[in-house]
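Two complexes, one shared chain (chain A), two partners (chain B, chain C).
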Partner chain A sequence: MSAPSVTKAARDDTARPSGPRRREITTGFVVTRIAVLGVAAALLLYALPPLVADESWPAVVVVCLATAAIAALYLTRRFVPAKYLIPGTVFLLAFQVFPVLYTMSTALTNFGDGHRGGKQEAIAAIETASLRQVPGSPEYALTAALKGDELVFLLVDTKTKQVQAGTEEGLSPVDGAKLSLTGKVLEAPGYTVLTTAQAAARGKEITGLAVPTSGGAIKANGLSRAVESRAALAYDASCDCIQGEGGPWRADESRGYFVNDKGEHLAQGWQVNVGLANFTRVVTDPTISGHFLAVFAWNLVFATGSVLSTFALGMAVALALHHPRMRGTKIYRIVIVLPYAMPAFAMLLVWRDMFNRDFGLINSLTGLNLDWLGEPTTARMAVLLVNLWLGFPYMFLVTTGALQAIPREMTEAAGIDGASPWQAFRRVTLPLLLVALAPLLISSFAFNFNNFNAIQLTTGGGPFDVDNTQVGKTDLLITYTFRLAFGTGSAQFGFAAAISVFIFALVATISAIGFRMTRKQEEVYR
Partner chain B sequence: MKLALRHVFVLVVCAFALFPIVFVVSAALNPLGTLASSDLIPDGASLDNVAKLLSSEAYPFGRWFLNSIGVALAASFTSLLLSLLAAYAFSRMRFKGRRTGLMSLLLIQMFPQFLAIVTIFMIFTRVTELYPAFGFDSVSGLMILYMGGALGASTWLMKGFLDTVPKELDESATVDGATHAQIFWRIILPLVTPILAVTGLLAFIGYMNEFILASVFLRDPEAKTLAVGMFGMLSGDARNTNFGMFAVGTLITAIPTVGVFMWLQKYIVSGLTAGAVKG
Partner chain C sequence: MRIRALAALASVAFAATACGGSAETPSATQTQAAPAASTPAAGGGKLVIWSEGAKRTAALKPFAEQFGKENGVTVEIKEIADNPQQTFVTASQQGSGPDVMVGAHDWIGNMVQNGAVEPVNLTEEQKAALNPVALKAVTFNGQVYGAPYAVENLALIRNTTLAPDTPATFDEVVAKGAELKKAGKVKEILCLQVSQRGDAYHAYPLFASAGGALFGTTAGGDPDPKQVLIGGGDSVKAWGKLGELGKQGVLKASITPENSIATFADGKCAFLVSGPWAMNDVRKAGFSYDISPIPPFEGGKPATPFVGVQAFFVAAKGQNKVLAQEFVTNYVTNTEVAKALYQADPRPPALTAALEEVKASDPDAVKFLDAGKDGLPMPAIPEMAAIWEPFGIAEVSVIKGGDPAKAAKAAQDAVEKSLRK
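== the complex of A and B ==
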C-alpha cells in the first residue's frame, strides 16, 4: 500500500517544479533564521567600530552590504546552491582572489623600501631627516611636564638658567620654578612634572613634539636634553620641489623621487605607478633577465626531475610489491610510507644538516670532505635527492592504488600472447597507470614548480656567487621572489609582485598544456 | 629467484627511506646533543635532550606544539567543511554558472596562495592595525588566511567522492519530505565520513608543514608554529648545539601523524586515487 502514496507524493512534487514552495514553518526553520541574524549582527558589531574610527567609509559600505546580502541569502528559501557555495567563496575572494588581483596591481607600482608611502609622507620624512642644530643656539635641559592634559616641555637654558615652557604654539616664560642641581625642573606652579618613568612611557609624544622658534624648532634629544634645530631641506609648494642642500630637488612623478640637476635623487621617495616597467625590467635589464632565465631553466629541471624521479622510484617499488607470492608487503609498505608521515619541514632541515660539510653525517660516513650544498652541481643533486626521499612514498601510494584497479588478466593475456615482462609493462601496465595518474602527476608538477620549502629549508637558494647575493644557484622563481620582497636587501615589493605574475602565467600555461595532453591520451586509450 | 630480487630491491629502498629517520632517532638519544657528535648509531643513550627541550625557556616547544595542532586541526576541519558544502552544491544541484564555477576553481587551484605573499603581507599589515586579534602574530589570523585556499584545494576531490554516492538516496529522501539541509547533514555527510577522515588527515599534515605564510605571519616566539619555531632553533650559531633538541622535537611532532597514518593506511590508498581518477 505504500507504493502508490510514494508515487503520489512524487507526482505532487513534480507538479510544482519551480518557484518557492510554501512549507509549514518548523522550529528548526525559526532557530536557524534567528542564528543567521545573530551571527550577522555579531560580525557587524565586531567589524564596524575599528573601520568607523579609521574613517574608511568605502570599507564600511562594503562590509555592511556584504553582511546584509549574506544574511538575506540565508533568510530566504531561494538560491539554494548559493547557500552552500558562499561560505567557502567568501574566504576564497578575501584571501586568494583579492590578493592575486592586488598583486597584479602592485606589479604596476614601484612599492618597496624608499617608496612605501605617499608623497606627503616622503616630504615629512625628508624634512625630519635633514634637521641640523642651529649654529650658536642655546642648549636646554629638558623636563617633560603636563599642563592639564597637554604635554609641555619645561626648558632650562643651560647657561642662563632661564626657564621657559614650550608647546606646539611656541615658547612662554615660566616664573617660580624650582631647579635641581643638574638643572632640571623639580616643580613649577601650574605644571605637573613627569617622573622619568612616566616620561619614558610617553616617549613617542616627546620625540614628536616640535616647539616652533624663529630659526627652526626645538626638539627633544633623548628625554632630558633639547636643542634648537632647523631643517636643511624644506618643501616648496610653488615649484613642487625641495629647497636646500644640493638642491633644488624637483619632484619626478614618473619615478617617485626628488631629483636634482645632476641626476641624483633623495633617498626617500614615494609610491607611483610605473606602468609595465617592472615587467620590461625582467626581460630587458641584462643583470636580471640573465638570472631570470637561469632560475627559470633550473626551476623546470627541478620540477620535472622531482616528478619523474619520485614517480619512477615509487612505481618501481609498487610494482615490486605487486606480486601474488610476495611476502611481508604490509611491513614494507609501512616502512616506505614513513617519509611521507614524518614532518616534512623538520626532515628537510635534518637533510640540510646531514649534508653539512663540517659536522654532517654524509661526510663522516663516506670519509669525504665535500661542501655538498656549497657547490652548484652537488647542491642541485642534493636537493633533488632530498625531494626524491620526501616525494616517492606518495607516488608509491597512488601507484599501488591504481595498480589494484588494473585487472591481472590483462598482463597475463599479454604474456600468453608472447610479450616479454618488459613489453607487457611498457605496452599495457604503464599506459593504463598513466591514464589514471596523469592528473596527479600534473598537480605534482605544479606543486614542485613552486616547492618553496624544499629549497628554502635546505640550501636557502644558495650557493651564491660572490658578486651577486640576490640569485642563488638552486633558487626557484618562488624563493627568488621571496628574497626580493623579504630578503636582507632593500625590499622591492613591486618588482617581486611582477615576478609572481610571471609565475602565475607560467604555471597556468604549463598546466593547461598538461591537461590538454592527458585529455588526448585518455581518448587514445579509451 | 625473481622473488628474491624483488625483496633485495625493496629492502634497499627501505634502507633509503629509513636512513634519515634512524639518524634523527639516534641524534635524539645522543647524550651530547650536538650535530657534530651525532652518528647513525649513538655512543650512548639518554633522555637529556628531551628534558632540555621541554624545559627550554628560549624555545617554548610546548606552546608551538599547541599552536600547530590548534591551527592544523581548526584549519583542516573548517576547510573540509567549506569544500564539502561547495562540492555538495556542485555535485547535486544544477544552476546557472555551475560549469564556470567548477572551471574557475580548477584555474585557481593552479595558483598557490603563497604566490601572493607580498600582497597578503600588505593586506594583513592593515588588518593588524584594525583588528589586532586577527593580525600578525595571531594564530587565529593565520587560520582564516589558510581558509582562502580551502575551496581550491579539495572541492574537486570532494565532488569526485560525492558523485559516487547514488543520487537515488537523496531523491527518495526528498520524496519523504527531507529538506536539502537534512539531506546534507543526515545522509551525505555520514556516507562520506571515511573518505573525509583521509582527506582531513592529508590536509592536517599539509597545514602542520606550512612554512612560508606562517614565517611571514608569526614573529613573536609565543605565537610561532612548530615549522617556524623549529626552523629558528637551527639558525645561526645554535645549529650545532641544538641539534639533539631539534631531533627530539621532530620525533614528538611525528608521533601523532605517523600514528594516524598507520591507522588509516588502508583507506589512504583508495582515498588518494578515488578523487583523482574522477578529476
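== the complex of A and C ==
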C-alpha cells in the first residue's frame, strides 16, 4: 500500500533536489522505527547492570553513547545518508577490518600452547603446580565453620583425633568438639559448623583460605579434607624470577618463559610480543621456503583445475537443461543439486573410503587395483575428482541463472547468420556468460585456493616421499602450514596467523589480477 | 515500503553490532564477574563437568546428580564431542571452562603448560587402591594431576575358530594369518589399522618389539624430550621390520580405523590388534575369541603397547575449585562410580577393587589389563604431540617399500625441528 507513495516521494526528491526532504509517516515506518529503537534500548538495559556491577565505567560510557547515537540517528529526519552508511560501515568494521587487524596483531605475538595467558597467570600456575604435600604432615579431616562472620577450618587429625581451628593467623586448639564417626566436627563451642551445602556456597572463600604453619600452609582439598603443603617454587618480584627448585628461573620477556642458567624453561609461559619473528620464520625456515614453490604450484593447479572443471561440467549440464526441447528439467535440477545440498564434510570422508584400495567401492566396481590415495598422480586426480563432484552443482546453478538472462533471440540470430551451434556458443553465449560469471569464478578460485577440508579430510596432504615427512604431494599451502602450526607439537596461533597473512596476500594478488583481466574483457565486449 | 523495511532491518542489525562491538571487552569480564557476584546470593554452588563421549557422559550423570544432592549444589554435565582437550584449554583461558574435566592422561603435559589443571591430592590409601600403571600415568613432574578411573591398551584379539592356538611370537601370527589367507579362509593376514596417514598408536608395539624407541629416558625414568630416538640406529632396524611386514602384506595402508574392527567381526581376518573399545563389536559378531598380549618378534624385545588412562581433572580456572576437588578426590575414586563407568564403556577400571568385581562377570577386562601390564604409559609430555604425525608418515612410507633409513631420518628431522622451535 505504501510502495507507490515511496516512489512518489523519491520522485519528488529528485525533482526538487535542493528542497527539504519530506517523508510520509506510514504504519510500517513507525513500527520499524519502534522496533529498532526498542532493540537498542533493550541492549542498553541488558548491558548496563553487569557493567556497572563490574565498575567498567569506560564501557558504560561507550554503550550509552552508542545508544544515544542510534536514537539520534533514527529519531530525527536528518542524516539520511548516514542512516544507510553507518550500518554498512559498522558491518565492514566488525566482520572485515576487525578480524584482519586481529589476525595481524596475533601474528606479532607468540600466542599458542604454553603462551595463552598473561605473566601473572603463568606465575599463579607455576606456584600452584609446585605445591607439594609436606612430608610426614598429618592427614586432616576438614569441617568448615564460622566464628562470628569469619570462616574457620576445623581440622581433625585423623590419627590423634585432636581438633584445631585454622584461620589466616594460624592454628589454635579447640576444646569440647563433638566428632562424627568419619572424623568430621558435628559441633564445637564458639563455632557455627557449616552444612555441606553452606560450605559449598562459600567455595571461593574456602579455596582462598590458607592456614600458615611452620612447614608451609594448610589448604582445603575438597570440602572434607585439608592438606598441609608447601610451594617448591615462588615468584620473587625483586629479581623478577621464580625462586626454588632448579632455579633461579629468570623471566625472559622475549620468549615468554622463566629460564634458568642451564637454558631450561618452566613449562608455563606467557604471551609476549615477538615482533616480526613469526614472519621472518615463514621466510627463512628452510622447511617452509624450501618447499614453497612445489606446494604453491600444485596449489595453483588444484585451484584452477577445480574452478575450470566444475565450471565446464556445471555449464555443460546447465546448457543441456536449458535446451528448449529438454523435458523434465525440474527433476534433473533437483538431482543435480543434491551433492551441493549434502554436507561436504561427511561426503569427503565417504569419498576417502570409496578410494580405499582393498575395501573401497571404486576399485571393486571398476576391477582396478589402484592405490588411489597412495600414489601422487592418482591422489591428485582423486582430490580433483572429488572436488569436481562437490563443486559442479554450484556452477550449474549460477550458469542456469545467467543463461536465463541471455535472450534466446541472440543465439537464434547467430544461427540465421549461418553460425554452427558451437560457433554460436563460443562467440555469443560463452562471452555473455563470462561477463556475468567471471567474478564468481574468481571467488571460487579464492575459495578453492584455501580449500582445507577437500585435502585434509581425504588425503591429509599425502602421499609423502619417503625422505620427507613434511610436505605431501597433495598438500595445499593451507594444509601444509596447518601441519606446521598445529599438527606437530602444540598449537602456535601466532605463527599460524603470520602464515594466513601471507596466504591472504597471495590470494588477494591473484584475485586482483583476475578482476583486472575480466574488466578488460568486459570492455572488449561492450 | 520495501526500502524502508530494508533500512529498518539494517538499523536493527546496526544496533546489534554497535552495542555488541563496543561492549565486547567488558562482556568478557562480565562473564567472569557475574558468577562471582551471584554465588553467595544463590545459596548453593554449581559444579560444571565436561566429558568426552555420549556413553560416558550418560554414565556419569546419575553420580553427578547424587553428588549434587549430597552437597546441596547443582551439577551440570556436558558432553564435548569435538577436540575436547583444545576446547577445554581454550575455554579455561577465557574463564568459561568447567570445574572438572574428564579425559585421557596424555593431555596432562599440554594442560599443565597452559595452566589449565591443578595437582590432585590423593591420600596414601587412595593411591594404594589404584593400579600402579594408572597412577604412574597421571603423575607428571612428580605431581599427581588426575584421579584415574580406567586403563586401556592394545591387545591381540584372536578368532579362535580360525586360529585356536595362542601365538607365542608375532612371527607365528604372521605365519598363521598367511596360511589362512592362502587357504581362502580369510581376506587379510592381520587387522591392524594403518590408514594413509599411518597410526603410531597401533604400530608402536611392533616398533618397540623390533627395537625401536621414541625418546630416551631421564634419570627419573620419564621420557626425555631432549633425546629423540625415533630415527636412531635401533629404530632404523625397527622401521626395516615394519617395511618387511608391509612387503608381506601384513601391514596395509588400506586397513583403516573405519574397517579394521568390522573386517575382523566379519570373520575376514583371524587376528585383530585393538583395544577394549572393539569388544562391543567383537562380541556381537558371535564367534569365539580370545585376548592375549601382543606377542613379540622372535628374539625381539617385548611388544609393549601404550597404556592410556582415563582420568578426572580439576580445572585450575574453574569457578568452584573446592567442589571440584571434593568430586575428584573423594567421590569418583569410589568403586561404584568406577563400575558404572565400566558398564557404559568397557575399559578396565583403574581401581583394583572395582576390577576384582568386574573380573567375575567379564574375564576380558583382566586379559586386556594383562596385555598392558608391562606397557608404556603414553608419554604425557607435550613433546609427545610432535611424534604422531612424522611417525605415521614414516610408517606408511616403509610399508609401501620406502627405504627405512631415509624414512627414519626424515621422521627424526621432523620431530627435532618441531621441538626446537
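In the analysis below, the second predicted complex is superposed on the first by the 278 of 526 C-alpha atoms of A that agree within 3 Å, B and C clash if a C-alpha of one lies under 4 Å from a C-alpha of the other, contacts with A are read in each partner's own complex, and residues count from 1 in each chain.
Simple rule for what comes next: contacts are C-beta pairs under 8 Å (C-beta built on N, C-alpha and C of every residue); 3 or more make two chains touch, one makes a residue touch a chain.
The structure presented is a predicted model; accordingly, all values stated were derived computationally and were not measured.
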A:353 touches, of chain B and chain C: first, second, both or neither? both
Chain B versus chain C as contact partner of A:183, first or second or both or neither: neither
Which of chain B and chain C A:88 touches, first, second, both or neither: both
Chain B versus chain C as contact partner of A:50, first or second or both or neither: both
Which of chain B and chain C A:131 touches, first, second, both or neither: second
Touching partner for A:106 - first (chain B), second (chain C), both, neither: first
Partner chain in contact with A:415 - chain B first, chain C second, else both or neither: neither
Shared chain A contacts, counted only where both chain B and chain C touch the same residue: 6, 47, 50-51, 54, 84, 87-88, 91, 94, 98, 353, 356, 358-360
Chain B to chain A touching residues, read off their complex: 3, 6-7, 9-10, 13-14, 16-18, 20-21, 23-24, 34-36, 38-40, 81-83, 85-86, 88-89, 93, 95, 98, 101, 107-123, 129-131, 144-145, 147-152, 155, 174-175, 177, 180, 184, 205, 208-209, 211-212, 216, 226-227, 230-231, 234, 239-240, 243, 246-247, 249-250, 253-254, 257-258, 261-262, 265, 268-270, 272-273, 276-277, 279
Chain C - residues contacting chain A, complex: 1-5, 7-23, 25-27, 29-30, 33-34, 36-37, 39-40, 42-45, 70-73, 86, 89-90, 93, 109-110, 112-115, 118-119, 121, 123, 141-143, 188, 196-197, 252-256, 258-259, 263, 316, 319-323, 325-330, 382-383, 385-386, 388-390, 393-394, 396-398, 400, 402-403, 406-407, 409-411, 413-415, 417-419, 421
Interface residues, chain A side, partner chain C - complex: 1-3, 6, 26, 28-29, 32-33, 35-36, 39-40, 43-44, 47, 50-51, 53-54, 56, 59, 62-63, 66-67, 69-70, 73-74, 83-84, 86-88, 90-91, 93-94, 98, 113-114, 116-117, 121-122, 124-126, 128-129, 131-133, 139, 195-204, 206-207, 220-225, 227, 229, 267-269, 281, 287, 353, 356-360, 371, 373-374, 459-460, 462-470, 483-484, 487-492
Touching residues on chain A, where the partner in the complex is chain B: 6, 9-10, 13, 46-47, 50-51, 54, 80-81, 84-85, 87-89, 91-92, 94-100, 102-103, 106, 313, 316-317, 320-321, 323, 325-326, 328, 332-347, 349-351, 353-354, 356, 358-361, 364-365, 389, 393-394, 397-398, 400-402, 404-405, 436-437, 439-440, 443, 446-447, 450, 452-453, 456-457, 478, 481-482, 485-486, 493, 496-497, 500, 503-504, 507-508, 511
